[in-house]
Amino acid sequence: MAAVKQVIKNRVAFLDQKVPPYIPVLGITGLLLIWELICRLNIVPPLFLPAPTAIVADGWQMISSGELFRHLMASLTRILGGYAIGTVLGITVGLILGFSKWADAIFTPIVYSIYPIPKIALLPLIILWFGIGEMPKVAIIALGVFFPVLINTFSGVKNVDPILIKAAVTFGSNHLNVIRKVILPGALPTIFAGLKLAAGTALLLLVSAEMIAAQYGIGAMVLHYGNLMITTKLMAGVLLLSLLGLLFNRGLQWLERRLIPWK
Amino acid sequence: MAAVKQVIKNRVAFLDQKVPPYIPVLGITGLLLIWELICRLNIVPPLFLPAPTAIVADGWQMISSGELFRHLMASLTRILGGYAIGTVLGITVGLILGFSKWADAIFTPIVYSIYPIPKIALLPLIILWFGIGEMPKVAIIALGVFFPVLINTFSGVKNVDPILIKAAVTFGSNHLNVIRKVILPGALPTIFAGLKLAAGTALLLLVSAEMIAAQYGIGAMVLHYGNLMITTKLMAGVLLLSLLGLLFNRGLQWLERRLIPWK
Amino acid sequence: GQGDENQQKGAGEGDDTPEKVSVDIGMLKLTSSAPLFIAIEKGFFEEENIQANAKWFEAAQPIAVATAGGSVDVGATGITASLYNMVAGGQQLWIVADKGREQKGYSSSALLVHNDSEVTKPEELKGKRIGITQTGSTFHYMAGRILENHGMSLSDVQLVPLNSIKGLMEALSSQQVDAVILNEPNISTAVSEGYGRVITQVGDEMDYQTSGIFFSPKFAENRDTAVSFMKAYAKASQYYHDAVLTQKDGQAVPGENYEEVIDIIAKYTDQDPELIKKGLPYMDRDGNLLEEDIQTQIDWYAKEKLIDKAIDADQIVNTEFLKEALNN
Amino acid sequence: MRVVVDNVEKTFIDSKKREVTALENINFSIEEQEFVVLVGPSGCGKSTLLNIVGGLLSPSKGEVYFEGKEQKNPKLGIVFQEIALLPWRNVYENVIYGLEESGASKQEQKVKGKHYIDMVGLTGFEKAFPKQLSGGMKQRAGIARALAVEPDLLLMDEPFSALDAQTRTIMQEELLTIWDRTRLSTLYVTHNIQEAVYLADRVIVLSRHPGHIKKIIKIELPKMGRDQEKYRSQFERYSQEIWSLIRHDAEEALKEA
Amino acid sequence: MRVVVDNVEKTFIDSKKREVTALENINFSIEEQEFVVLVGPSGCGKSTLLNIVGGLLSPSKGEVYFEGKEQKNPKLGIVFQEIALLPWRNVYENVIYGLEESGASKQEQKVKGKHYIDMVGLTGFEKAFPKQLSGGMKQRAGIARALAVEPDLLLMDEPFSALDAQTRTIMQEELLTIWDRTRLSTLYVTHNIQEAVYLADRVIVLSRHPGHIKKIIKIELPKMGRDQEKYRSQFERYSQEIWSLIRHDAEEALKEA
């Protein structure tokens, strides 16, 4: 009887199926082309779905006229102000709660009972407190940023590997140095995760607050053109917001790579 | 010369400093008491900061009159509807992108370029598409839920330990069984993380949408009482929202424990 | 829901009068739709062999969208910047008749300040905060035109969009804004509850076509039905005018069918008749549009950059149907 | 059935897009009932080779095949260092996984499941989830899962290297006992030279850059009881020989990240 | 200076709020220049004991003290299994950490840093972050860090147990060489009996439930070159003795999660 030969085949080849590298580019351009085509052929009226080219053309016109810039500036001031305040406070309080078991025991339950409130609901209250100007919008963004940053800072501090602390103490570090040389750098990656999370929330709150009570700002602008049914300019505003979000995120990533080179 | 004896002391004792277990309770009650006291002594006018008792009293009155219930129902319908739609779509699309490298290559860049748009900015557009009724609010919530759920489902599928897939294939699993018995359960914890993240976003969008364009709903109610400067009722609404958020979160936790008992 | 019911009823009755034409009318439950209510209720449409189906909407903008898109044949609502933008954006519809306007001597909309305000005339509003519903709304237009009448412009004040009339009233009563534009019967409410004071009536400042009857392009092509519809509408307008808008020596006096019309409006809008009596908008007796005002509006909106591409009034106004209806 | 590894070569594309040869010119066979152990320094390609034999990786050149009289599809059992139990299945469900997938009846699953769970000493832990087990017990479950399919070839990639030294010693003894009862053809990868000499019929020593067979050493000791006093010097001589073949490579490997 | 562990006992509160005795009645001393190894099955309290000696845990009863002629504060160096290098410091910065904290001058840091980095064979890797190193190199950096403070007592908790067998063998040899040059009093924890016999002056065998000293075995072999042929049988006899003391406990430990 002759020996039967059965070759062993790779049975997980499906796991490293390859897709040509140009496909992702093709995906986005394809989408844009189909979209443009739908509009050009008037399958959907431009009122409901303006063509990408029309959006870009109107967007460009809004840039040249300086309109976009004015709204952008109003929004940028608010979001950067609110983000900065919320971040500084969040990290500070987070560190305090992280370092002091007493502060933790007293304040963490309070923090966690305020945390689930969707912050935008506090806008009317904050308008009562601060009036109708810039302050309440900045405050609401700061508040929305404060909590995720606080909670991440706190858990970052809490989750620093205790073995690192033990090592540092054994090699002679005092409390201050343990905090400075071990806990702070150890918590940094988690803090950054909080900062990234907060960026999305900040942008969402910015737009909401501007829609509810503002004259200028990209949120107000989008609502304005929505009310006027000028869809191209509305979409240009949306586009700008998505760019802003992207930029924000990239900025944080860049900062993260600079501050946390060891990861 | 006598031998010197130097006892080794625990140098990391500060790490397991204990705080009495009643402190957290004390923290919250203390805060409430101080708050009440500030109001009773009229240090801050009740318009700006109503007393907790006043909030509870007004809240109770709003419950008895059925007012709260009507708003709550409007909000609940919207958020549950939007959340359900967004979740189902998000998981479905996430699984498709996770399983098919082609779909991944084509659609993931598109998803990531839409992701950073703060969804509330799309409300005016969606109002144009769907009119002014319930649809746009539900749609905006669904949209806000869709993306985090999609992205978590996708990364859940992608991050299933390949060694588990290899083991399953070696023990004779076909593709369908690999998906059913390995990838789906393996992705479940990450999907749940997405569901939890989305719950917060959904609530935030609910409130924003109701403030911008609704007559009923807790968001509309809060804005209404803000405009009227009736701070007690405003705060009662905020309280209700925080309860809603808490409940939502607990519900998801409960579900998670039931569905993922092995964690 | 209600629209569907009506349609089914119409189909059922269609058996004995088969030549009847079914017309869907998109409208709001507002007093200003009174002629339509009257025409439906008193059978004026039936006389013209029209089966009118009311389609209720919650906001003005979707009515215009629905009319332009042909999902309703006739729309009845306010004339806003969004309407012009829609037409400019290629969504055609025709404004064919009056449905409410600001007219001297008739109270409809007004500029109010809160009760503690020191402002007594529009000139003193410089630098103040004026509440409107939305940008590009009729309220926006009225506020702008009043200011211009008094030598100012919108850039001299701060406009606060508050998204709803309810929001306007609340903001005025809590004095978060200095002034608002309001319409009846809300003006009466604000005044009687003691938190608002009228500075000027819009009707005293200008003649203004606030709302109108729109035909979808498809409906307009069906010329006979369109004219028939206008006949019934003109008849209802006269009925409304004679009942509630007659004046003697500058004072409003109830006409012959006053109570009947009020009851019809009350039935369709689910409102308190007393409230309705305070807020009966002026309408042309024959339903004629203030044709030249449309161009004025367009020009003003264009000046304020609230319209994307300026259009010609001819592109949107069509009074031929009404003229033909009135001539027969 | 014997397994033949025929002139296998494997190249990878590394992170800098360069082609790297991980394995070159690999020829050997695993006879029926033979226990073959692969040893070699870190990164010499042991896991790569085992994965190719297991059908989890395609060779760039050459092939691996079963040679036998029957036409039936050869079955494989595999045990990883990372254990790879499905966390959402309890011990019993994990052990019968392969039976389930091959369409065995519930009754057969039950009988065989119990048999192999008993064999690895996990009786009483059937309902436990993996996270409730110690490292050693997890690895026993992993072995039971691989045995339960009654494979034509058993593959083990450093199954005990994550365990502590004592547990590993115990597990080695148990593995040998089990193997003696089942006599499965086995390909076993390890870093541990003592382990290799203790378990193997033949030890294949791999060398690095690119991975190739440096020497194949037949262990001429009785399969059971090699840790007895009388075989000590022979045992040590094999160990020394292998260590001297590897040492230089291992020192080099240590310098790489 | 000698270190005395005097009647130490340690109880923990477990997750079910019950009091569990981890260590009981522990008495021994580490003489100057002595290398003491703790062996015992999993969970017998080796790490707990080492942590108490290192001042990272308070004993429930008894005490640990240095006994010597000088009044100066005793210095400790410690090496963990988990290595515990600070990920945000490069090799050099990690190695001089203890010097930095004790206020040594920059010059001294530089000299000693270089000396100990050279000693463990990491020359050229000063600027590398831990994540860029292999396991063995990380552990070398950990050892250099502990040596750099020139401690009165060096503590090592299974420093090599995460390494592969070959790397471990190499590291053991290197550790012995380094130790021979520094002759630091050392307390070393391991699971690996060969390692214990290879390194120790005295082996302390711990037993479980609660952890207590089962036997203290003095290894009567020359410190260097115990792996030579001529000591093989003696070496094996020590190993056997220890294994027989532990075996039962280790088998029990395996059954616990």
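Just so it is clear, A, B, C, D and E label the chains in written order, and each chain counts residues from 1 on its own.
Here is the rule we go by: a contact is a pair of C-beta atoms (placed from the backbone, for glycine too) under 8 Å apart; a residue touches a chain by one contact, two chains touch by 3 or more.
Each chain and its UniProt protein: D, E = Nitrate ABC transporter ATP-binding protein.
Bear in mind the structure is a predicted one, so any value in this text is a computation, not a measurement.
Which chains make contact with subunit B and with subunit C at once?
Chains touching both subunit B and subunit C: A.
If I count C-beta pairs in contact for every pair of chains, which pair wins?
Here the largest contact count links A-B.
Which chain's mean C-alpha position is the greatest distance from subunit D's?
Between subunit D and the rest, the longest centre separation is with C.
How would the subunit D/subunit E interface be labelled, same or different, where same requires over half of its residue numbers to be shared?
Same, since most residue numbers here occur in both copies.
How far is the middle of subunit D from the middle of subunit E, if each middle is the mean of its Cα atoms, in Å?
The computed centroid separation for subunit D versus subunit E comes out at 32 Å.
Roughly how many whole angstrom separate the Cα centroids of subunit B and subunit E?
Roughly 47 Å separates the two chain centres.
Touching two or more other chains, which residues of subunit B qualify?
11-12, 127-128, 166, 169-170, 212, 223, 227, 229, in rising order.
Taking each residue of subunit D in turn, which ones touch at least two of the other chains?
Answer for subunit D, listing residues that touch two or more other chains: 54-56.
Can you tell me which residues of subunit C touch two or more of the remaining chains?
Where subunit C meets two or more other chains at a single residue, that happens at 61, 65, 163, 176.
Considering every pair of chains, which are in touch?
A-B, A-C, A-D, A-E, B-C, B-D, B-E, D-E
For the complex, which residues does subunit A have touching subunit D?
Residue positions touching the partner: 1, 3-13.
Report the residues of subunit E in contact with subunit B in the complex, numbered from low to high.
52-58, 63-71, 73-74
Show me the residue ranges of subunit A that touch subunit B in the complex, using the header's touch definition.
Going by the criterion above, the answer is residues 11-12, 14-15, 17-19, 23-28, 30-31, 47-48, 101-102, 104-110, 113-125, 127-129, 162, 165-166, 169-170, 175, 200-201, 203-208, 211-212, 218-219, 222-223, 225-227, 229, 231, 234-235, 237-238, 241-242, 244-246, 248-249.
Going by the contact rule at the top, pick out the subunit D residues touching subunit E in the complex.
For this pair, the touching residues of subunit D are 41-42, 128, 132-134, 136-137, 161, 164-167, 169-170, 190-195, 229, 232-233, 236, 243, 246-247, 250-251, 253-257.
Of all residues in subunit C, which touch subunit A in the complex?
Per the touch definition, subunit C meets subunit A at residues 61, 65, 69, 81-83, 85-86, 89-91, 129, 134-137, 158-161, 163, 176, 306-308.
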